[in-house]
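Got some structures for you, see below.
Across the two complexes that follow, subunit A remains constant while its partner is subunit B and subsequently subunit C.
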Partner chain A sequence: MVRRRIWNRGDLRLLIVGLVFALAWAGIGYRLFNLQGSRAVALATVGFDQRISEQPIPAVRGTVYDRDGVELAMTIDGWNVVVDPMMLDDPAATALVLAPFADVGLAELTTEFVEAQSKGRRYAEVAMRVDSAHRDAIRAAIRSYNDANDPDIVGVFYREQPLRVYPTGDIAAQVIGLTAYDDGSGIEGLERTFNSELQGRPGKLIVEHDPSGRVIPQGQVLLEPATPGSDIVTTIDREIQFTVEQGLRKAIQKTNAIGGSIVVMDPETGAILAMASWPSLDLNDRSQVSPEVLRNRAVADVYEPGSTLKALTVAAAIDQGIVTKDTPIDTPKSVTVGDYEYEDIGRNPAWMSVADVVKRSSNVGTIEIERRLGKELHYDYLTAFGLGAPAGLDLAGERHGQLNPVSRWNETSGSSIAIGYAVGTTPLQMAAVYSAIANDGVYTEPYLVSEVIHPDGTRITAKPRTRRVISVETAVIMREILGRVVSAEDGTGRRARMTDFTAGGKTGSTNKFDVDLQRYTDETMASFIGMAPLNDPKIVIAVVLDTPTGSLEDGADLANGGASAAPVFAEVAQIVLHQLGIAPDKL
Partner chain B sequence: MTDLLESKPASRFSIVDRTYTKQSRRTAFLLVIVALLLVIGLGAMLSASSVVSIRASSGQFQLFTKQVAWVVLGLVALVVASVVPYRTWHRLALPIYVATVFLLLLTLIVGATRGGATRWIVIGPFTIQAAEFAKFAALSLLAAAITKKDALLDNFWHVFVPVTVILGTVSALLLAQPDFGNIVLITLPAFAMLAASTVPMRFVFGLGSMGSLLLVIFAMSADYRKARLLSFLNPFDAPQGAGLQAVQSMVALGTGGLFGVGLGQSRARWSWLPNAHTDFIFAIIGEETGFAGALMVIVLFAFLAIVGVSIAYHARDRYGRLLAIGIVAWLTIQALVNIGGVVAVLPITGVPLPFISNGGNAMLVNLFAVGVLININRSTPASPQSGS
Partner chain C sequence: MTAQTVSARPLRRARGIAAGGPRILPLLFFAALTIALFFAMIYLRIALDRNAFELDLLEHRIEVAESTQLDLRLEIAGLQNPLRITNEAKRIGLEHPRERVALVVTGLADSADPILPEVPVQALEGQQP
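== the complex of A and B ==
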């Protein structure tokens, strides 16, 4: 045809162009198969890895209860309110709306927003760790602003931040302890020692996100839920704890002591009903936190127990049948052991019965009794009564005191220890010693946590270990002796007398040892450890005051436990016994 | 279009009958290809643009609805172009070219600047991208010029002068915007047109080398272009920088695998792959429908080229043939450049994928060009409608 002749030259070239196109498409197709076939898995993995992120889901921390199920520490929903400054149209207006709810003032907040915006930062804090009501108030303020203004405030975010709160405030602060500000783990007190029970196991949320971290709505989501922490039930009785803290605070004021502690223990079970330490704090106010106020003196202060330990020496000697309560003991003005001279304070007769040695708190008499007991037996009883070892509370900061093994005792060790020197104990350990006497000679390890309640409802109940340390007879005799300390007109513990209940106990006053000066000072640790009612003790209370000064109206020196600590015992014990519903045994 | 709808006219000439049938088959084939590409494109748009639309808080379907409107407008242009005799474009080649040059100039003066480039004239809700119209105008005028110079094609200057003036003017104006992608999309199809013409091959190669050299010099002249062009060689060297789009595009394709993650299930569209609904829509198709779906698009474009070349082959005159091959080369090269960039065998130039990518002007002009192709096909010598 004509057409053929005209286009002959062009036809071939046209077809070649067409062929080039076809080949180009074939090449693209090959490449595509390469990407989507052979390299697909590798490329898809790159994509998966960049999209996937793991968000931890915090586990709700367990609750700490008192023995009646009242919350002492619990975790509630809380929020961190933050903004993305780059999303703010009007930083100043936004700051004005948020300032009333913010952690900082208006000027500071405005500066923060403007600065963050100019630096391109995507994060600025508004109010951290606020409760749901606070968050709702912020939301409402923004909503009402947005209803009236244009453009809206956008870019305010609420991030979940569980809050640890202490509904009872400053009650049993050092016992409960604290959690860390950042990760919420326990750093003090029961929060620390029971951290692994309380904290639970965090879960995780695996999500696909976009480059700016926002979750892709249709992406895969894998949820591994968090396991909440276990709850713990303490032996603390909130009301008794309150009474004890009031009593301690009053005593501190009255005696000008720099600190002190009181332990209330149920001698039959070993349960710690209250444990107070001063100085103290309100756990909800982090600004009050300092090592000084967090120290639980009842378990962390190691002091020389002084005369309160004489009860142990005498109990050991009676238990061994070496003396009876009526055995006469020579009590000269002083006695020299090795190159050290021990004296009695005040004037004593030339000899006294064992019971009177305790009542009058004679150093010389006690040293004589210890001499008859012998240091090996003495040491056995000291360890049996729990000295030199932790009392078993598992409380953060608990110390086990100091008791040298008998092999390292020197000439004066036995004598010194007999009257409560050269040995270090905590107030809790002394409460446990007296509890054994109160509990008919059976030592019961003190404990603070009676139950751990797992999230699934199962419970682990504490089973305190017990051991007999003295016979029932010895214990009964000892209570009689200790009762006379309080009831006798010339007893050192007469100020521990109550109107409604009988009581027994022992005073103690030791000069504090200045480690820097390497000598004893005039400052004292004044204590009284007692039990009531005397015939069937329901409570043992240890009162220890650090450096009380001044004197009572009758001139009694408050540096002595009998003057400063014994009245505190009387006041606290009477209320506590009534709180426990114990019938008065004094008519 | 009418070819499809009308029943076969009764004819006594069997030879004409058969030709006529082949001719209408080409039209039908072309329309089916374009229709399928449009459907795939709108489907992909619906998925890819939804994230952008949602984030712009203008409703999930905002971009999609706009695109549908442009497709409808483009189909009207297709029908009109398929009815208007293509010789009209031959006659009006110069005025149309002058008009688009004027539009390009106007763009530089009053145009809107986005991302450092002045490419758009904004009139109310509409934006006009003159470059899209310039493609047709330049190819049409070039076809007309070669037709006119038919007897003088052995003379270098008679080829050199019209080619350099026509392409040079437009390229210079696009360079001023700057719009490197559309310079490529005008000069490469023009080269293909020359290659398929009767212009001596030595001239074609000469002009081709010259043009290529200029393109390379231009491409390397700006640092960002240079970085982008070179990064395609090793995109994984800078997965967060110059290689970002290429890497994310390949990741999307790889994620799709052989059969895809499912319609509307793309992850890349969640801002991982920038321009997912425009230049990189093919990656979204590959991710959601896998190799199977992506291959279908490639096959459709390959068929488009074959049908187009066939129409050019059967064109009744020189201008028709040249314009037809010019249009086919334009659509094909644009698709190749786009998809080549997506599969990372070519540098990323930022040109839309014909019939599929978001973009109104391109959609309108592309469909108009298909209409012109149909008219060229209808006017082949054997056609009873074009003879008179």
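== the complex of A and C ==
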């Protein structure tokens, strides 16, 4: 019997081969599904991370200009010079070539390279934040070495690091401020206040590279360009700022003051033409940086303005029609308010006109005028003139002074404030008060930045707010009164006289309050705030000296503003008015 | 076996084929076109790369020029520094004038309309030579 074969040999082979292929395809299919389906996202991410790297593109920080378009702060190309120690054949020779350009000495650099090499580190710093000329000098030195020696120096790299520089060094240092060393953000002054405008937006370059880290040519997948920061145009005039700083420096030397500040303001526009503080620093030299020198005393130092505030008290009383400049005021040697006795320095007549009260800076007379004015009206004028509130510069460290609401005034508050005690102001606030008098009674908010220029060319222009605080007539009378303070032989501000221009202003000398001892000391804050030319003031200058000591040749005590600060006003104002091209009105 | 007569059918002739064999000209033309396209693509690719290199070079030049411009701006600002100018002026012996001379312009203070001297205005009127 012949057995019937269901499968012949060929069919069986075919079946086996088919099964093998089917299994193989099934395996491939499974793997395909595994790679392209279930693990697709994870694997794609791993692959992307392996071959794609992101390089940040730093944004170029905006430039800070003075009002004439001269750079006060700008960013240039800078470099960090680093070394891969593992690529160095001869660390000692490399250190010898690089040491003259390095941040550290030869011995330290050699040790750093050798230690880094022994520990397998691939990074060592040579010179950080250097300019292009410095980098080119390093390149040239290496090229010169390589031409004459074998093996070559390799493994020196230059990484781009924008460099913030201040072309004028110490001019307007506290106004401009500083940027942080690490991330370049503003930490002081305008650099801090306008940081969001200046810093721009960093971009990024996403590149494709091979496993060894080399960038694949034309493998770049995304470039997100950095947006440069906006530029800001300040109201600072560099020439005037320099004049003011020189004047302040000389005054500090002459009066042995421990510090001081000067503000120069255009009363019509509110623009700050100069703002100087001492002690100061060179912004390009980080070793000089300390909180003391970075403090902008013109906006950060709150002091009792003393007699310079008498002008405001008198202006308020005249504006209310309570007194005129000729109204006689009783001026006994002293007056008692509550349990406190106020007295005048020096001898005064038994009565004086309101104008003479200001001219001779009578405490007793001013207190009498304030008594007639009343504390509510007095307070209203103080706040209208901007005291107790920020002057509006938004400058880093700016303080708003101290003025208690009238509900918290005690029996002596009104009298004390009338003569400039029991109230805290900054030199800038006092300059703004006198600017209102100079500007026919219109208070103009001071400002320091006139324009912000965006990268696309659009500009945002400052529009300072204004408000009338006293009438034009009152302002004119006050200018006349303040003019007598300077022009009269017995005026306390006679040393503020200039040869070419008329001027008006008021002296101030306040004893400093010792917080620890809870009493006033013999140390003073001496000040003079004035305006010129008197008939149509173009500038208001506030000069404040902290603890001046000594005396003038005629015996005048430099602790008084009339002896120490008034001459600074005269010297600075005369030059500044000539710099502004104002025609002399006193020839 | 009897012979079977088969009616004679004429042979079909392939259209377009030369009597001597298949036509080679279109094939040659196609091959030449392919080769030409191949080289054209290579040429275009090279041209593209060359342009990319030139663009890179130009971008680099722009970067260098911008960097130089920044350096020059810094140098100008530094040269205009009033402190440097003051020191330089002192070094060469310049000093502020000690005497002041007042120049009084007649008529300016007396009248709202200052008397201006006559000046030739040909240039303004386009009569310059």
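In this text, the second predicted complex is superposed on the first by the 532 of 587 C-alpha atoms of A that agree within 3 Å, B and C clash if a C-alpha of one lies under 4 Å from a C-alpha of the other, contacts with A are read in each partner's own complex, and residues count from 1 in each chain.
Here is the rule we use: contacts are C-beta pairs under 8 Å (C-beta built on N, C-alpha and C of every residue); 3 or more make two chains touch, one makes a residue touch a chain.
In this text the structure is predicted, and so the values were computed from the model without any measurement.
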First (subunit B), second (subunit C), both or neither touched by A:22: first
First, second, both or neither for A:450, with subunit B first and subunit C second: neither
Partner chain in contact with A:195 - subunit B first, subunit C second, else both or neither: neither
First (subunit B), second (subunit C), both or neither touched by A:132: second
First (subunit B), second (subunit C), both or neither touched by A:435: neither
Subunit B versus subunit C as contact partner of A:502, first or second or both or neither: neither
Touched partner set for A:70, first subunit B, second subunit C, both or neither: second
Subunit B or subunit C, by number of subunit A residues touched: B
Partner chain(s) touched by A:167 [first = subunit B, second = subunit C, both, neither]: second
Set intersection of subunit A contacts, subunit C complex versus subunit B complex: 218
In the complex, subunit A residues that touch subunit C: 70-71, 74-77, 131-133, 165, 167-171, 218, 238-239, 242-243, 499-500, 584, 587
Subunit A-facing residues of subunit B, complex: 192, 195-198, 201, 247, 250-258, 264-265, 267-268, 270-272, 286, 290-291, 294-295, 298-299, 301-302, 305-306, 309, 312-313, 321, 325, 328-329, 332, 336, 339-340, 343-345, 381
Contacting residues of subunit A [partner subunit B, same complex]: 3, 7, 9-11, 13-18, 21-22, 24-29, 31-33, 35-37, 39-44, 46-48, 50-51, 208, 210-212, 216, 218-219
Subunit A-touching residues of subunit C, taken from the complex the two chains share: 52, 67, 70-71, 73-74, 77-78, 80-83, 86, 100, 102
